[in-house]
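Following are the structures in question.
Here come two complexes built around chain A, the first alongside chain B, the second alongside chain C.
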Partner chain A sequence: MKQTVHPPEHRSVRLRNGAAHAAPPPARTTERRRPVSPQWAAWAFLTPVTLYLALFYAYPLYRNLDLSLRNYTVRSFVQGDAPFTGLENYRKVFDDPTFAPALLHTVVFTGVCLAFQYAIGLALAVFFNQHFRLSATLRALFLVPWLLPLIVSASTWSWMLNSDSGIVNAALHALGLDPVNWLTSPSWSLTSVIIANIWIGVPFNLVVLYSGLQSIPSGLYEAAALDGAGAWRRFWSITFPLLRPVSAITLLLGLVYTLKVFDIIWIMTKGGPADASTTFATWSYQLGFGNLLPAFGPGAAVGNLLVVAALAFGLLYMRVQRKQAYS
Partner chain B sequence: MTSRRTWGKTTVGVLLTAIMLFPVYWMLNVSLTRDQDMRKSPPDLFPVHGTLAGYRTVLDEQLPYLGTSLVIGLGTVALTVALSAPAGYALAKLRPRGGGALSFLLLAAQMIPGIIMAMGFYAIYLQLGLLQSVPGLIVADSTLAVPFAVLIFTAFMSGIPGEMLQAARTDGAGPVRTFWSIVLPMSRNAVVTVSLFAFLWSWSDFVFAGTLVNGGAHEPITLGIYHYIGNNNQEWNAIMATAVVASLPAAVILVLAQRYVAAGVTAGAVKD
Partner chain C sequence: MHSTSRRRLAAVALSTVLAAAGTACSSGSGSTDTKGADSGTYTIWDPYPQFAKGSAWVKLLDACGSKAGVKVKRTGFDTSDLANKTLLAAQQGNSPDVLIVDNPVVSTLAEAGVLTTTDENKLDTSTVDPNLLAAGQSDGKTHGTPIGANTLALYYNKKVLKEAGVDVASIKDWKSLTTALEKTKKAGKKGITFSAIGTEEGSFQFLPWFWGSGAALTDLDSPAAVSALSLWKGWLDKGYAPNSVLNNTQTTSWQEFASGDYAFAENGTWQLAAAKKAGFDYGVLPIPATGGGNAAAPTGGEFVTVPVQSDTGRYATTSKLTACLTSNTNLYDTDTTLSYVAPTEEVRNKQVAADPALGPWVDAVKAAKGRTSDDLGTKYPKISEQMWKAVQSALSGSKSPKDALTSAQAAVK
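This part shows the complex of A and B:
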C-alpha cells in the first residue's frame, strides 16, 4: 500500500473561486485583472487527462459494475453475452460463509494497523522533532520500508516469520518461548500480516506527523516549560491538541489506503489458512482470479462493496481537508 | 552537559532506526547465506560464510524481468508526465470552467482500490487483446500515478508568479508556447518529484502485473520474485538477492533525491 497526502485543498478552492465569483485572495488581484484566458485553451490542456479519466477509471469501474450485475461464466466472459441477473451476485456474496469473517478481518486489520501506525509514527515524530545529531539522516532512513516494493517487504517478512527457519521464532526460542506458526496457523496469520503492514505504514505517519509538528510554534513549549509543565504534560496539552487537524488527515487517508491493502496479505498468506486472514480485498481477488473456475460476478460484487467503503471514507477525508483549508 | 544529552538521543535514535531497518538487514543477510546454512537453527546473524551464489542466480535468471520493469517504469513516467503536466498548468493558471469538478474526480479516483481497477482492466484488455502486453501494463500502471501527478503539478504551478506569464503574453506567446518555454522549465522540481513516484510505483506494482501480464513473455521483476516464491522454491538466498536488486531503485532514489521524496509524501499536507 503506497500513499501520499494530497496538496491542500485550498489551491483548488482558489481555482474554484476563480472560475466562480467569490472574492479573490489579495495576492491574486493583479492576475485577475488581466483578461481571462480563453476557455478552449484551458480545456485543450485538460482534454488528454479528461479522456484518460473516462477511459481508464470510469470505464473499468463501469465494467466492474456490469460484471457484478450479470451471471458471467468463463465462456460468456469472453463472448460478452452474460444474462443480466440484477443483485443476485450481491445476495450470493452476503450469504457466503466467508462474508462475516472477511468483514471482521477487514475491520480488525484496518483498525489495528491504523492504531499502531499512528501511535508509533507519532511517538517517533515527537522523538525526531528534538533536533539531535544525525536526526535528519535517521529520519530519512525510516523512509526505507515505505519505498520498498511491497513484494520485497512481504517476502522478507514471510521468511522472517517462517515457522522452522525464521529469525523471529529463533528469537522466541532464545527467550525461552515456544515457536509460533506465524503464517500457517489460523490463529496467527492475521496478526502476522498486521505486523508486516504496520511496519510498512509507520514511515508515512512519521513523515506527515513530523511535518505537522514543525508548524507548532516553539514559543508555546518554552512558555509551558517556564510554567513548570513536564514533557508529558506539554505533549498532552500542546502537541496533541494542536496536531489534531494533521492527525485527522493522516488517519482518514490511512483508513482509505489500509482498506484496500491487498499485496501484503496475498503474498504472505493468500488470505489463508482457511480464510483466517481474508479481507474484502483478497476475497474479491480470490473469487475473480484465485480459483480454477473464476467467479467474476461475485468477485466484482465484493470489489464494489470495497469501492463504496473506500469512497465513503475518501469523501469524508476530502470534507475534513477542505474544512481545514478554509479555517 | 547539553552535548551529552543530544548524544544520548542520537544513540536512542540509532537504536530505533536499527530496529526499524532490521528486516532490510535480514534480507541482505539471507541473500548472502549459503544453501546449506539456510535451515540452520538458530540462523547466523551475520553472513560469516557469505556467498554470492544468490546474486549469480539473479544474473542468470532475472535480467529479462529487470529489463521489462525498467521499460515499464520509464514508459509510465513518460505517460504520466505527458498527461498531467498540461492538466496541472490548466488547473493552476487557465481557470477552466469545471476545473474544480475535475480536481475532485481526480482525488476520488485515487481512492479506488487497485484490485478493482485490475479486474476492470482485465475485462477490457481481454476484449481488446491487450493482455500480456507491455503497453497495456504501462497504461494500467500510470493510473497509480496520474491523479497524484496532476495534484502535484497544480500545486507547484500555482506558485509561478502570474506576472511572468503575463509578460510572456505581452510578448505574444500563446498558451502552448508559455507552457512549453516558461511553465514547464520552471516546474523542474515538480517533474522530478512526479517522475520519481511514477517510476517507483510502477516498478513496485504487483497487482496489475499479476492480473494483466501474468504468464506473458514480458513480466516485471515483481512477478519474477512472486514466481520464485510460488514455485515452492527453497533457494531463499536467490529470492532475497532478487529482492535486494529490486530494492535498488528505492535505495538510489532515497540517497540521491530524498528531499523530493519527503516533499512528495507531505506535499503540503500541513497548512503553513
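This part shows the complex of A and C:
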C-alpha cells in the first residue's frame, strides 16, 4: 500500500493546497494531514486501533497474567499488595484433583462438538445447496438456535432434559424405555451438554460452509457429471477439497468458541454432578466466582491455560495456511 | 501477500481474544461510578434486583435519604454477584456508602478489610438476637446488623398427607419422617423435594440435616455427618425424593412443590407469600433432628453494613441512613415486603400479631445458626464448597456418602 499510493498523493496535495478554500469541508480535513509525511498518516491510521487493542485486549491479558502469578487473598486483592509467587498458582492448579478430569472433559467436549457440528453443518450446507423450493425458508429456520440468547436455549435444554418432568424422559417412557438422568448422572451430564452445544453450533457451520459452497464454480460439477462422476464422487473430489480453506477457518473459529463455552454448561449442570461436566472454562469461573471466597489467582491461571491452548491452535492454523500459500 | 498476513494476524488476535473474553476475571474496570460528582449523593447497594424504582423498598431508601438531607443512589445486584462487585469496587476505591449483603459474605468482606466495625459506623445492634448477629461477627468485632432473617423449614401439603394417611403430629424425628415419605409414595404421591445443587444453595439446604445429625462443620466426615448424607441418599434411592433435586435451585424445587403432587418441600421463609397463592392447604413444620426435637437450620437474610471510605467524614451521614433503615417501623415494613422474620424481639411480636402464620418461622429463626458462626468466618466458604460437592457426589452415585465426605474433609485441610 505504501509504495504504490504515496508519490501521486504528494503531488495532488500540493496542487490542491492553494485552492483549499474552494474544497468542501470534509475533503479539506483529510487532505491537511497528508502533506507532512507519509509516515504520519500511517501512524494516524494505526493509533486508534493500537490504542483499542492495547486498552481492551493487551491490558486485560496482562492483568490476567499478573493475577495468575500472585497469591491473592480477598484482603490483598482489595489492597493491591499481593505477593509475587511465580508459578505457584499453576502448580496448585496442576496438582488439583479436578485438573485431570477437567482437561479430559475439555478435550472430549471440544473434539466431539467440533466433529459433529462440522459434519452436520456440512451435510446441511450441501443439502441446501440444491436450491429446492422453500430451501431459503428452511435455511433461515435452521439459524434459530444461533439467534436465541444462550440463557434461553440452555434453560430450555435443561428443562427438556429434567430427570422427572422433562419432555425427553416422557418420550422415552412413551417408547417403553427407562428414563435417563441426563443432567444429574455423572455418566450422562457431559453427553447432555455436548448435545446441547452441538445443536447451538450447527447453524454457524451451516452458514459459513454454505457460503463457501457458493464460491465453487458450477462448471466443475457439470464437467464431472459429463465424465460420469456420481454424487458421492463429486462430493469427495470437488466439494470437499475446494472447501478446505473455508473448512479450516470454520474449524478454527469453532474450536475457539467451543473451548471457551461456559454459559451452556453452567446453566445446565453447573459443571456437576461432582465435576462430571467440568471443563476449564467452568472450572476457572468456579474458582474465581463460584465460591463465597474467591480464588482469583488459580482461577486466572486456568483461564490463561485456555488462552494458551487457543493461541497454539491459532499458530497451527497460520502454519498450515502459509504452507498452502507457498505450495 | 497482504491479505494472507492480515488474515493470519486476525486469526491469532481473534483466537486469543475470544479465549480471554471467556475467562477474564481481572480488572473489571470501575464503570459503576458509585460516588457521582457531588458529595451530597450517597450510594446504596442491595441484593434485591426484584425491587424496581417505585417499589416500597426503593421509596424507603429515598425517604431515609431525604430525612438525612442527602440524595440516595441505589443499585440492586444479583445476590451471587454482589460479593465480587464489592471487592472490585473496594479495589478501585469506590465502595458504596451502605452495603446490604448476604450474611455469610460479611465475614469474607470483613477479612478483606472492606467493612467498618460497629464501633466506627455506630450501628446499634443492642436489640438484635445474638444468634443472628453472630454471622456478622469475627475476631470479636461486629461488622453490621441484620435487616431481617429467614431460615428453612418443611412446608407440607395437607391434602397429599391426608390421602396418604399421614398424621403430621407423628413426625418427630428422621425415622418418622421417612415413614411418612414411604406412605406417600405408596399412596401414589411424591415424597419430598429440596435443593441439592452444586452451589452455596445446596449447602444451605443440607445444613439442617447435617446439624440435626449432631455433626459439626469442622468435622465433615464424622459418623453423624455420614448419617445425614445417607438419609438424603436413601430418599433418592427409594424414590421418596426426585432425582432432579441434584439440579434444583430453591426456586425450581418450590415449583415442584407448587405443582401439588409433593407431600413435603424444604424451603425458606421467603416462600410464604408464594405459599399463600399456591392454591392448596399447606402447613409448616420445623425440620426434625435425627433423634427428635428441632434441628438447627442455617440463618439466611442480609446484613446492613458500612464499607470503609477514604473520606471518613461521610460516616456521620451514613449512620443516619442506616439508623433510618433499621428503625423499628422501617424494619417491620421491609421484613414484611421481603417475607423475612425481623431480627429484634419487638418487631417480631408485631409481625406475629399481624400474621399468625409467621409463628413457626419465628421459632425456627430463634433456633437457627449462622453459617459463619462458631468463629468459622472465612473458613466456611471452603468447607461449604466441599460439602456441596460431597452431597452431589453421593446423590449422583459416583461415591458412597462416607467416601464423599472423607474426601471432602481431606480437601478442606
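Following the convention adopted for this analysis, the second predicted complex is superposed on the first by the 263 of 327 C-alpha atoms of A that agree within 3 Å, B and C clash if a C-alpha of one lies under 4 Å from a C-alpha of the other, contacts with A are read in each partner's own complex, and residues count from 1 in each chain.
Keep this in mind: contacts are C-beta pairs under 8 Å (C-beta built on N, C-alpha and C of every residue); 3 or more make two chains touch, one makes a residue touch a chain.
As the structure is a computational prediction, the values presented were derived from the model and not from experiment.
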Larger contact residue set on chain A - chain B or chain C: B
Which superposed partner A:His173 touches (first chain B, second chain C, both, neither): first
Which of chain B and chain C A:Leu150 touches, first, second, both or neither: first
Chain B versus chain C as contact partner of A:Gly272, first or second or both or neither: second
Contacts of A:Thr184 with chain B and chain C, given as first, second, both or neither: second
Chain B versus chain C as contact partner of A:Gly212, first or second or both or neither: first
Partner chain(s) touched by A:Val256 [first = chain B, second = chain C, both, neither]: both
Touching partner for A:Thr50 - first (chain B), second (chain C), both, neither: first
Which superposed partner A:Ser135 touches (first chain B, second chain C, both, neither): first
Which superposed partner A:Pro60 touches (first chain B, second chain C, both, neither): both
Overlap of chain C and chain B interfaces on chain A (superposed complexes): 53, 57, 59-61, 63-64, 67, 77-78, 80, 158, 164-165, 249, 256, 259-260, 262, 281, 284-285, 288-289, 296, 299-300, 303-304, 306-307, 310-311, 313-315, 318, 325
Residues of chain A touching chain C in the complex: 1, 53, 57, 59-61, 63-64, 66-67, 73-75, 77-80, 97, 158, 162-165, 181, 183-186, 249, 252-253, 255-257, 259-262, 269-276, 281, 284-285, 288-294, 296, 299-300, 302-304, 306-307, 309-311, 313-315, 317-318, 321-322, 325
Residue ranges of chain C in contact with chain A within the complex: 2, 4, 7-8, 11-27, 83-84, 87, 90-91, 104-105, 108-109, 111-114, 197-200, 242-244, 246-247, 256, 378, 380-382, 384-385, 389, 392-393, 395-399, 404, 411
Partner chain B, residues of chain A touching it in the complex: 2, 4-8, 10-16, 18-19, 28, 30-31, 34, 36-37, 39, 41-46, 48-50, 52-53, 56-57, 59-64, 67, 77-78, 80, 124, 127-128, 130, 132-135, 138, 140-153, 155-160, 164-165, 167, 170, 173-174, 199, 202, 204, 207-208, 211-212, 214-215, 245-246, 249-250, 256, 259-260, 262-263, 267, 281, 284-285, 288-289, 296, 299-300, 303-304, 306-307, 310-311, 313-315, 318, 324-325
Contacting residues of chain B [partner chain A, same complex]: 6-7, 9-10, 12-14, 16-17, 20-21, 23-24, 26-27, 30, 38-43, 82-84, 86-87, 89-100, 102-117, 119-124, 126-127, 139-140, 142-144, 146, 148, 150-152, 154-155, 158, 162-163, 166, 169, 174-175, 179, 197, 200-201, 203-204, 206-207, 210-211, 221-222, 225-226, 229, 236, 239-240, 243, 246-247, 250-251, 253-254, 258, 261-262, 264-272
